[in-house]
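First chain A sits with chain B, and in the next complex the same chain sits with chain C.
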Partner chain A sequence: MNNIILEKIALLFLRGIALMSVFLLLRGHNSPGGGFIGAIVLAIGFIFYGIIFGSDRIERILYFNTRIWMGIGLGFVLLAAVWPVFLGHAPLTGLWYTGNWPLLGEIHLGTPLIFDTGIFIGVAGLILSVIITIMEVLKWNT
Partner chain B sequence: MILFALLLIPFTYLMLALLIKKAGIKKRLAILFSTLNLLWAMALVPIVQYREIIVVQMGGWSAPFGISLVADRFSVLMLLVTAFIFFLITVYATQSVDKARRKNGHFFFTFGILMGVNGSFMAGDLFNLYVWFEVMLMSSFILVSLGGERKQLEGSIKYLILNLISSLFFVAGIGLLYGKLGSLNLADLSQKMELARANLAVLNPALILIFVGFSIKGALFPFFFWLPASYHTPPPAVSALFAGLLTKVGIYSLIRFYTLFLYYDAGFWQQVVLWMGALSMVIGVIAASSQYDFRKILSFHIISQVGYVVIALGFFTEAALTAAIFFLVHNMLSKTNAFLVAGWVHREKGTLNLKVLGDMFKKSPVWGILFFISAFSLAGLPPLSGFFGKYLVLQSGIEAGYTGVAMLALFVGLFTLFSMVKIWLEVFWKKQPEDSAMEWPVNQKPAHWMLFSSLALGTAIVAMGLWAAPIAEYCQAAAQDLLNPSKYIEYVLGPS
Partner chain C sequence: MDNLLSLLIALIFLAGFATPLIHKLAGKKTGLLLAIVPLSLFIVLLLELLQLAPRESALLQTSVSLLPGMDFAFRIDGLSLIFGLLISGIGTLVLLYAAFYMAKYERQAHFFTYLTLFMGAMIGLVFSDNLMVLFIFWEITSVTSFFLIGFDHHVDKSRQAALQALLITGFGGLCLLFAVILTGNITGTYVISELLQQSIHLGNHPQYYLILALIILGAITKSAQFPFHFWLPGAMQAPTPVSAYLHSATMVNAGVFLLMRIYPIMGGTMPWKYALMITGGITMFLGAFFSMGQRDFKRILAFTTISALGTMILLIGIDTTSSLKAALVFFIVHGLYKGGLFMIAGIIDKTTGTRDIYDLHGLGRQLPLTAAVTLLALVSMAGLPPMLGFLGKELIYEAKMQLPDVAWLVLPLSVGANIMMVAISITVYYELFFRRKNKAAITLKYRERELPFYFLAGPVLLAAAGLFLGISPAFLELPVGNGLFFMGALTGSIQLSLWHGFNEVLRLSIFTVLSGISVFMLRAPITRFIQKMVRWFDQWPLPTLFTQLINKYLTAAAKNTNLLQHGYHRFYLLTFFLAVIALMGLQIFRITEIDLPELAASPLKIHVALLLLVTAGAVIYAVFSSSRLSAILAMGVVGYGIALLYLYYGAIDLAITQFLAETVLMVLFVMVIYYLPAFAVLSSRKSRLRDGLISLGVGTFITLVVLKAKFLNLETPISEYFAARAYTEGHGRNIVNVILVDFRALDTMGEVTVLILAAAGVYSLFRFQIKTLKKKKQNKA
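Then we have the complex of A and B:
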């Protein structure tokens, strides 16, 4: 499809949505949001992008196969589950780091964030792999 | 961590299988990880003998608030048998399952099942149990339909819908129970029910929904119809896995559920369980005797065999629970092995129709003997494991005063023998019918790993018969723990 306005808007939309999804991921622990929701929002951006540009372009942005992304997501989850064990806690225990950084002020970082990032990557990978497969079956590569 | 590793091992495999592309490496990793799982489950046995009940609180949150993983002797025995069967089926599948299926994630989804099964055996929380059921079911839905043959899709639709309904019942029951008691931790629920003993009728809607959910999963009498409609459609390695593990998880959950909750209201539930068990036993075996497909006969026998476990649960004495656990283990081993032999026959002849098969004993006496062992163990001939299983069930039934049901079990045993003799005669003994002899493809590919798996299972069945006494002793210790829920509560919630 050759419609320059539509193409520019889709690209802008994808960037905006991607930023939004990362925001949702980061605020997730104590406020509404989280990895799962973030991933779904991210997938919406990609679906819009795919409808206009075709699934080949999604795959080009993703760089890796969606399967690999799901694997990476599971890897993060695994890390968050096992890390506390090596420090003598029960598996999946939340470990927290609190620090005062210049410019950022006081921040809290913990293994739940790693876990959520894993969910984010894994779920986004899963949804995109479904979408890409459907698009390939329908031959949606304009 | 001791228990958590049993979830971690399949999970790590799932991760690696996504990251690695080469089918050959995935196959080797599958064997490696199933071996690891087996070793870990073996290591749990001495630990549970020493510590009696192993409890791990996830994330360090204490019991009624967080998620606990609990393994008593019964769970550990189930985990061990699961790991053993899973390892052998993985080895078997390397030669039995075709390359296209293996490339499309056969091992990936079997490990999904392993993770779900391991999780359900350790779940100390009702909702967690539901989640593990789902993990297991999602993987099994895909395994049933993987390959996309026409027959397979037909079977998978029935499998999918009935199991979704059972999940619906289960989760609806969980919701009601949570609304009434405000907790989902099994130990906490059991404690609360003991306090609310006078008003248990309030909980009946929830308990009945959950009970029906488990009965559908365990293929008990009025709810069994999905099982024979779907188990004969996927590749034999998959149906062996299902037959060995999936329905048994339903039965395990039922036993856990009964010993922790339902026995408070035994006057009502004991009758229900006895009737359902007895009817499953009879109807399963009669339906099986009318079938002419190798795997369909075995599928109907799953229902009948599950009935034995459930009537033993209904007797509800120490001896009866010992028998139930022993029988469950025997059944997992024998049934899986019977399916493995069916897989070999299918590979050699491309069909499992009894009418056109024949002469298989002449073709390979070893496989014939392996079928003989597992089939006659199912039928209950000494000195195989089935004999002791049935003996224990009957003895405990008569001791508990349910002579009628025990006699019924004996009678069902006769029919089981009839079905097994039928398969034996039709597939292995009779002369191959002349008219169908030419059409079959001759399979030249090696099957030594398939033979290895089946031999190992056959040895296990014989060994379980020969060393029945120490195994029954272990089962008795497990039964004592099951009959004493206050111990379970104390270990999970801490001394009060």
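Then we have the complex of A and C:
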């Protein structure tokens, strides 16, 4: 596919959607959104990109293959689960830091965000893994 | 000091896991390096033993807190110290011994890993103060011993022996698990110290017989008692260091340890006594009897081990203070001489290349040190002074003579077994070391001087220990007394001495020795007789029967699986939906009769009605459409319609998720649809009617359930709790998200793991196809 306009638009679209997905992830705790929704949005962005350029290009952008990304996601989830244990709480207890920062105002950061990030990475990885596998089997755009 | 012990036990496991690394650095010195760990443990335990003095009732306790409510508590009393000292001491010698013995084997790193982990598990087993932890270590010993027995995995026999050992001890392990759970349920605690402190005895509980049967099954499978004894001779396939370790201080002795540990809680009742006395008595006699008919040195030793274990189980079953004392002392005796004898068997195997005692002779001149050490060990096995074995046997006789009602049966069996022990000891020594004039001298691969000192250290030190403790048994009084105290004996202090006067026991011993010598004189006809007996018993070869049983079980399982897992997706779905209908129907009619709510409750808005109409139309179109693409698009309309409904009723997160999921699904479908075969009607009218009826049924019931759920509150709904706590405790205003990542995070974690596993499954299904595709592409490029 040698359509430069399409290529640029697809890249722009991917970037925009990736930004959007991270935004959805971060706002998830207070407004509609969250890791799962963000992950699907991100995956849709990549699928769009992959339909145009083929699955190899997705893999090149991702740097690791999708199975490693799934593992990283699960790692985050596990981290959020195990962290409280070392501080004497039950596993998966939410630990929170609340502070008042000059520019950001009052912020709450906690292990649930790590957990949600894990879900985000894991779910995005798993959707892409399935899609890429299917694309490769179907020899999509190669 | 206390924490040093827990650290050392952790260090054993660490050393086990680090062995591959150590092996890379140390090469053939791996065994020597690793031996430092159990050696230091041995020294620490000796120091602990000194701490125990001067009180017989002292108890040292130490625990490491890992998680709240999950302490790794260790219980250090006389019993665990005796076992721990033998396990770590013999473990050190075995590692040293293996360093030379295994030098030419491949996969040494594997071997030392398994051996070290096995050692750690065994140490953990005897020191754990929690029945659950004990069970976990018990299972680890089963698994690691599986790898050790089957170490020569290219040999069919080893694999079979390993599998047999694993299945039998694994079965026993399951029994133990059930027993532990039942005990925990009844008493409310798994902690052994608490059980002992509250002096709980389960004897009067209605479930006592069940628990006892399970515990005894666990113990006798592990300790290779009749009728499960056959896995132990099979386990001779293991390399000799492993056999030396399994037989002397670990594995098979775990069953004995378990019975001693559990004795104060459930021992001493009539079924306990008789079950243990019967199985122990039979095993003791059969083991000793069959050892005479064997030719392989290791097999002879294996059968004597079976006999010795039978003796210990029998002694525990006799259930008097003196019998428990005898059992503990005999465990030490047996560990010392059996470890040494197995190592000697290995030395002879290494130097001559055979273990058949009838092929060997006249080794006394060539291997003088080995001959001397063997003599000491065999004297101990035969129960002659001045070795510790003499003391052990005297205690056993004493205990058995005091038995009022069954002495007439137990005593002859026991004397018979001991006569065979004496005879086999003399036979082995005579065949191995005496010179025969009419035979040529055996050529050796190594001379004794060429063997490294650490290879010979094991049997020498063990024999020396047996001799030393035999001459001055007072050293054993403290740990044995302490062990007995916690087993519920009245008095903790005991006296041990080699010479105890010319009494009935000694006369019986003299009779045993004389008979043993006469059996040795007449060994040719007796051996022939025993071999005939063995052949007669081999009409029902237990190992083969066991294998057949397992094979039959596997065939039955395969049949069952084929019946249930037929591989037709539509029938799986049918089964699933029918089951759902049946279960839901049952529940709906069970709770109350169905009462439909009045529709007038909320006025139907016109746009909602339109949405429903479009969605319903799309469903009907999807069902009757003869084009796949349009059917899929229609299903997409249904999905978006539902999402809009969610949105309308305020479930924003749900709506977004539904939209997105629907989109991904559409993309997937559209990608795949090119590759599907043309649409065709293959099913008959009848089956379609059936499917239609089932789907209608499922739909109806789901609707009914939803209606029911709306109007029926069995419990106070938890949603208000979440709504109230979401911001104050979860720091979030989006309740759905707070529930997902905080309140119900465990569920989410499980779901995400399942999803990722599914993705991994998809990948592995297509992996080969993808790999070949990529290769083709590379070849083209």
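Following the convention adopted for this analysis, the second predicted complex is superposed on the first by the 140 of 142 C-alpha atoms of A that agree within 3 Å, B and C clash if a C-alpha of one lies under 4 Å from a C-alpha of the other, contacts with A are read in each partner's own complex, and residues count from 1 in each chain.
Going forward, a contact is a pair of C-beta atoms (placed from the backbone, for glycine too) under 8 Å apart; a residue touches a chain by one contact, two chains touch by 3 or more.
This one's a predicted model, so the numbers in the text were calculated from it and none came from an experiment.
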Which superposed partner A:Pro102 touches (first chain B, second chain C, both, neither): neither
Partner chain in contact with A:Gly94 - chain B first, chain C second, else both or neither: both
Partner chain in contact with A:Met70 - chain B first, chain C second, else both or neither: both
When both partners are placed on the shared chain, which of chain B and chain C touches more of chain A: C
First (chain B), second (chain C), both or neither touched by A:Val85: both
Chain B versus chain C as contact partner of A:Ile44, first or second or both or neither: second
First, second, both or neither for A:Val123, with chain B first and chain C second: second
Touched partner set for A:Met135, first chain B, second chain C, both or neither: second
Contacts on chain A seen with chain B and repeated with chain C across the two complexes: 67, 70, 74, 77, 81, 85, 90, 92, 94
Contacting residues of chain C [partner chain A, same complex]: 67-68, 652-653, 656-657, 660-661, 663-664, 667-668, 671-672, 674-675, 729-734, 736-738, 740-742, 745-746, 748-749, 752-753, 755-756, 758-760, 762-763, 766, 769-770, 773-774, 777
Complex contact set, residues of chain A against chain B: 67-68, 70-72, 74-75, 77-78, 81-82, 84-85, 89-94
Contact footprint of chain A on chain B as seen in their complex: 1, 4, 8, 11-12, 14-19, 56-60
In the complex with chain C, residue positions of chain A that touch it: 28-37, 40-41, 43-44, 47, 51, 66-67, 70, 73-74, 77, 80-81, 85, 88, 90, 92, 94, 96, 98, 108, 110, 112, 115-116, 118-119, 122-123, 125-127, 129-131, 133-140, 142
